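You will see two complexes here that share chain A, one where it goes with chain B and one where it goes with chain C.
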Partner chain A sequence: MWNRIIDIVEWFGEINERRAVVKDFNNAAKKAFISGDAPTLLNAKTTLGESGYHHHLSKFLSGGFKIKAISGRDLSRDEMKEIGAIVLDNKDFVRKLITMGWDTLYVFSDGGENGLKWSLIEMVKTVYIGKKNEV
Partner chain B sequence: MMEEKEVKTGKTIWIVIGFVLAFLGGFIGMFIGSNYAFGNFDRKTKLLGYTMLVISIVVMKAITSN
Partner chain C sequence: MKFNILEIIPHTKWFWLSIIEFGVIVLLLNKLAKKRRISKINDLGFEDEAGNSVDNINMDSLMDNIYKSKSLFKELKRKCHPDRFVNQDCHSISEKLFQEIMENEKNYEKLKNLKDRAKSELNVTFD
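Here is the complex of A and B:
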């Protein structure tokens, strides 16, 4: 009985922690946009992750970290790739996303329906572990 | 940098139209549903597409069986 209550409390704690990550990301993006450091306002939210990108920590029905670039126009593939690269270059943040159950990073522009997706766990396997000394 | 893959997301207006047509039991609802379900869309849109497709088939079956 007590174990179940503890599990439920932990589950709610995890949800709050995930919400805090998204909120912190959005606040940082907002500050960067207001100060002029970033040309585009980014807004993140949780969505479904790709089934092929699942790892053993993936959250069911909420494994996708979707970033929408609010620019008022369609972004080119290179621009979206650049936004993705900025996020993926932050190794600590990517590791945090993985441990908290996200498996897919999406980048979309607010105008168009085309976007890009990355597998977070593949990123760790192929890029970070390949440069083990830097991690 | 790891290779990224292209993905599309469904427009809200087309998803709404698709569901309305699916409930009306038309082929267009089925077409929109299968386009979302089997196209290169994100998982959320794909799930909505599958749902649309199933609703279309069930409604169409119900209409034709009467």
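Here is the complex of A and C:
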């Protein structure tokens, strides 16, 4: 019983930590947009993850880390690809995302119709570790 | 005059029940604090290659990587290309520097350091 209470306390702690990551990202994006460095304001939020990209630490119904352009100039496909590549190039950030239960990275343009998605765990396996997919 | 403590304490069962409840709460809080202490000891923390703590990812540098690294990379790639330093003493330095520039294409902080190195070691001027 007591262990269950501790689990619940830890669960709430994880939620706060996940919120803090999203909030930090959004604050940094706002700062970059206000200072004029960024032509587009990016906004991150947690959404449903891709079912095929699940891993052991994936959170149920909230495994997607979605970055969306919400103001300013719209993003082209190449720009979305580049944003995704830069986020995935930050190994510490990707590892943190995985350990905190995210499994899919989405980058969407302003309209929300066009977007790209990456599997975080596949990225770690193939790019960081260099391990090829084994059937 | 004799002072008897039992005369002061109420003899109702609710009083004793509340005392027991309070004791249980203190015990459970102690257990929770102990559990937290253990998890802190077990928490190895996240460290990058240089040994710096990366528990808090620097989002500002991530934004710099997204928006500023591309233009700086292009500029460095153009101005520090080894072909510009052929038959010069600094040709080998430019080759090493160019290699590092190519490896850190998306890392703005490292590209900034490489820009400083290019200024001092290759005497390259930037706008």
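Definition applied: the second predicted complex is superposed on the first by the 125 of 135 C-alpha atoms of A that agree within 3 Å, B and C clash if a C-alpha of one lies under 4 Å from a C-alpha of the other, contacts with A are read in each partner's own complex, and residues count from 1 in each chain.
One rule holds in what follows: a contact is a pair of C-beta atoms (placed from the backbone, for glycine too) under 8 Å apart; a residue touches a chain by one contact, two chains touch by 3 or more.
On a predicted model such as this, the values are computed, not experimentally measured, just so you know.
Student: Which partner chains sit in contact with A:22 here, chain B, chain C, both or neither? Use first/second/both/neither.
Tutor: neither
Student: Which partner does A:37 reach: the first (chain B), the second (chain C), both, or neither?
Tutor: So A:37 only meets chain C here.
Student: Between chain B and chain C, whom does A:85 touch in the aligned arrangement: first, second, both, or neither?
Tutor: Both: A:85 reaches chain B and chain C.
Student: If we overlay the two complexes on their shared chain A, which of chain B and chain C does A:96 touch? Say first, second, both or neither.
Tutor: It touches chain C, and chain B stays clear.
Student: Where on chain A do the contacts from chain B and from chain C line up?
Tutor: Common to the two interfaces on chain A: residues 85.
Student: Can you tell me which positions in chain B touch chain A when the two form their complex?
Tutor: 1-2, 4-11, 42-44, 47
Student: Would you mind writing out the residues of chain A in touch with chain C in their complex?
Tutor: 2, 6, 9, 21, 24-25, 27-29, 31-32, 37-39, 42, 82-83, 85-87, 89-90, 92-93, 95-96
Student: Mind pulling up the chain C residues that touch chain A in the complex?
Tutor: 28, 31-32, 35, 46, 48, 54, 56-57, 59-60, 62-70, 106-107
Student: Along chain A, where are the residues that touch chain B in the complex?
Tutor: Those in contact with chain B are residues 47-51, 64, 77, 81, 84-85, 88, 106, 108, 113-119, 122-123, 126-127.
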